[in-house]
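In what follows, subunit A forms one complex with subunit B and a second complex with subunit C.
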Partner chain A sequence: MTRSGFKPGPLVWVAVFALAALLPLLQPGGFVLDVAINVMIWSMVAYGLNVMLGYTGQLPLAHAGFFGIGAYTVGILTLKQGWNFWLAWPAAIVICALGGLLLGLVAFRTKGDAFSIFTLGVGVIIALVINKWDSLTGGNDGLNGVPPASSLFGIDFSRSANFYYVALAALALTVLIVARTRQSVFGRSLVAIRGGEDLARSAGIDVYSHKLRALMLSTAIAGLAGGVYAAYVGFLGSAVAGPTTTFTVLLYLLVGGVGTLAGPLLGTGIVYVALQFLKGLQDYQYIVFGPLLVLLVLFAPQGLAGLWDRAQARRVQARAERAVDHA
Partner chain B sequence: MPEHPGTPLLEVEGLGIRFGGLHAVRDVTASLPPERITAIIGPNGAGKSTFFNLISGFYAPTSGRIRFQGEDITRLKTHQVVGRGIARTFQTTTIYKELSVLDNAMIGHRVRTRSGLWDALLRTGREQRDERESRDGAMRALERVGLAGQAGRPAGALTQEGQKRVGIAMALSSDPRLLLLDEPAAGMNPEETVNLMGLIRELVGGGLTVALVEHKMSLVMGLADEIVVLHHGQKIAQGTPGEVSRDPAVIEAYLGGHAHGGQMGQPGAAGSGASGTEEGAHA
Partner chain C sequence: MTILFQQLSNALALGGVYALVALGLTLVYGVMRVPNFAHGGLYMLGAYFAYAALNSLGVGYVPALILAAVAVAGLAALLERLVFYPLRNAPHVHAMIAAIGVLFFFEAVVQLIWGADFKQIAEPVPGILNLGGVVITWQRLIVIAASVLVMLGLNFFLKRTLTGATIEAMSQNREGARLVGINVNRVGMLTFAISGALAAVAAALIAPIVSVAPSMGEVMNLKVFAIIILGGMGSVPGAIVGAFLLAFAEVFGGFYINLDFADVIGFAALVIVLAIRPQGLFRRGT
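Moving on, here comes the complex of A and B:
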């Protein structure tokens, strides 16, 4: 009775994904399809990061590392071991979830900034290990010729237009998972932790185990995205697992709106596309992009989705006040 | 209630904690009688809040034992202590100001639910049941503190007193036997304090046991059935308000360190009488 009755959320999402599913039917150029698939891959990573930063209030900076682990797991298993992509992909997700568990067991002994810095170090180490472990990962030369996703139900996923649907389905699954998590009893406890760890603890929440599970979900989603990336790009270099990637994804998330459901997709879409257009400026692109970012932080610190949420909140508040006046 | 009237709900034995060389709480042995209001008082820095932090599992004691309903809870973690039936509120209005009043109370109910991440992802029956029970439990708690009508409002939009009530509702949602209130009347005006005293009495009338740390002597003298006095981390007296206010060690502790110590006796008792009549007017 207290939850606002009208929630456009689910319907809007269904509409967005339905429209997105129509894109390949328009037979767009390879460039458009490539941008769309990349946006979907990176927004998944942003969703994973959002589970931690947006919903749990923790900023881990090892996400590119887990993205890399997911990508290399798929790459190594399909290229060197001859596994089917559809088996290697889940394996990558499981390995990333377990990696998240291991990281959390140690990293959650620290809090706040120390946690971020610790995980940043872990992220660097993951990228270094990938770079140096020649026999497994191909080291500096990278992993060349990762096969595309194998056909399923007679659909040839080596074609971009078809693989587009794999990425779209993975993104839809990610959004669904994140939305359900946020709306759940478990998710409310995460929000409590975000609001104040000590308060959550004294309210009876097992903070440590909730943070661990949130981190596992978060890294598993990074692995999910990494798997799509490996099969799509076909070439893996260790740089993709480095901190630059983490901070790029963090940028997507900040622009889109931390802690919002639409933010990761919105932010990734806008920033990724904008950077494509600014690419012509080469190194100067950041001269244009930097000030835009400053403006955004000044006027919309909650990101683009945050602007919408704020307007929404004002409307709800006004309605509540009217209701009080009537009573 | 099921227990014998004489059996204490909570017993602490030789309880102590050291921070470096400092004995914040030292060798405290005390017990809380069930369905009574026990006030923990003492001059600033006497270790009152630390005492609460020890009971609620926030700090691990360096010596002594804590028993709750006969069970040793000394080494339990905070969420386990809450699960056993001890809930607390904080000195300042520590609540989730940006969340709704209902959400605050539902967070307090979390300890009574088991749903995890898989339940969330698969929308299991347990998830749906837990969600429903959280809502019901939270609404019951809000009704007890008189906030049921404001469940949908952001908690930060409430008055100071309202926010205190949200904090109490959050604690009550965990369905506790023992409620620890850390300076519940801090920052409240006299009228709000009287309202709060009425609420605490109601809760105890409903079978709850309350322990509170408080500086306002009018509240302590008017409300407490039993008073424990801490000084320099040690217990120097325990008894009824009348006994404690005549205790030479207590008078010494308050007069020794504080000019306001004199308020403990008569003016305090008078204050409690006054608040009692105001309370009557409200009821």
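Moving on, here comes the complex of A and C:
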């Protein structure tokens, strides 16, 4: 089974990002820009999840927790300690990577379903601790008034049109890192682990350390996204770190296509924008999304990028058959 | 000392409810190898069905409990047919994700019908029992007695009846069960129905003590999953021991350490146990 997916070349990616970079020039604020920044933030989390689910074949369910840790690290350091955003952000990423390491040390003693459920438990603990630790996180009231990113090189990042480029750069960096990782020996080893741990081990891959490093990369990306979120939204509540967020990101990833490079961005973009039209549903959005999730895994588990892939394969096959007919 | 006994009765009642919900989950895992994330949703629906039967149909507490159990059992069997049976050969992650979809769907539907606010079910036997200074509500006693009764019944069913034995057989060896002529599909549906009924009974029992809310399923879900990992996935005795361990950790941890962190203590216990014994406490050899 090929899971390569819809594979736009590097040029297509450059074109997509170049086009995206023009958006603030056309629309220097308001609704469209807000949706775009949110899509970029959440697709980063989806990319992080994809490193684990798509490449390594493990489903961790603590990602919203790490997103929350990243966001709260930036929020607390900038709001309470007076740190500069540009220092707090890398700190958040490092903390999330270390958190991923700690989680992995214990969690990778379990496998498969138990691993998912175990990490879900950890995700809940993270959300609960954020919710209860009033003196540090503001507890139920949340953290209000996280300052926007401070100026750098004379550019005022408190304007959302300028901050848009921070999110865009972070997303570009994420895509680049994930793509490079996927192509490296490390990435191919991860795919081997997805195929079968015992086989990978017999091929000389240190499964445990590979999974650990994949999880660290994955949680670091979640922290990266969390940092952007904190500075952009300016308000943090503990709900964002809860399991519902993890499942929503999982939905984005599933719609787009697990294990593909375009999938996380595609899925997040489509679902998030669709959500804006379903705003009236608000709390009831899972009346639509719940069955959608079920139908997706039943009938299109490869997601949109996978559908594209299948159509492509059919076209290639048809061409081959025609060639045979002519011969 | 009286406080200790009071906490003990709280922990026993809570543990009984956890055990009923966890037993259904572990049976389904044993037979189908599916971590049914929708299980908490079934539990929550059980509470709402009991609430609806009490208030809309105007029946008594016991008939309401039975109605809820039957309705949820049917729904669980339907779920098996529509979602888990078609996914039986797909990677486990798929069944897990589909179940999550079902869980959120249930939650949204319940919220649409009954609203997000808490609902109350009146205690069937109001009042308290005073045992030498130890005060126990009748409802807690009912919960403890009923859950023990249901567990004994389940044990009898699994060990002493032919149908029950097919469930045991399938969780021991799926292919072997098929070879000796057990209808694997029927057993799968049956197991789902039993797990649904157990969850609904547990929910109807605890509903007069706690309140009924759409989010109650999600919380319970996490706890029972913690329990069956703790006990070893698919193990029946493991689920019962795990349930009471978690209940004791929560009640006594909440009482002696910090009530705010009662839920965290339960999960922290899970993390510690798994760090030492990753296969759980009672994992059978596979």
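We adopt the following convention: the second predicted complex is superposed on the first by the 281 of 327 C-alpha atoms of A that agree within 3 Å, B and C clash if a C-alpha of one lies under 4 Å from a C-alpha of the other, contacts with A are read in each partner's own complex, and residues count from 1 in each chain.
Here is the rule we use: a contact is a pair of C-beta atoms (placed from the backbone, for glycine too) under 8 Å apart; a residue touches a chain by one contact, two chains touch by 3 or more.
Small disclaimer: the values here were computed from a predicted structure and weren't measured.
By the touch criterion stated above, A:95 is placed in contact with neither subunit B nor subunit C. In the superposed pair of complexes, A:192 makes contact with subunit B only, with no contact to subunit C.
With both structures placed on the common chain, the touch criterion links A:112 to subunit C but leaves subunit B unconnected. Contact with subunit B, but none with subunit C, is seen for A:202 once the two complexes are overlaid on the shared chain. Only residues 56, 58, 77-79, 82-83, 87-88, 90, 94-96, 98-100, 102-103, 106-108, 110-111, 113, 115-117, 119-121, 123, 127, 130-131, 134, 151-154, 170-171, 174 of subunit B touch subunit A when the two sit together in their complex. Residues 1-4, 177, 180-181, 183-189, 191-192, 195-196, 198-207, 213, 216-217, 317, 320 of subunit A are the ones touching subunit B in the complex.
Per the touch definition, subunit A reaches subunit C in the complex via residues 53, 59, 106, 109-110, 112-114, 116-118, 120-122, 124-125, 128-129, 132, 243-244, 247, 250, 254, 283-287, 289-294, 297-298, 301.
Across the complex, subunit A is touched by residues 29, 35, 83, 86-87, 90, 92-98, 100-109, 111-112, 116, 218, 222, 225-226, 229, 233, 260-261, 263-264, 267-268, 270-271, 274-275, 278, 280 of subunit C.
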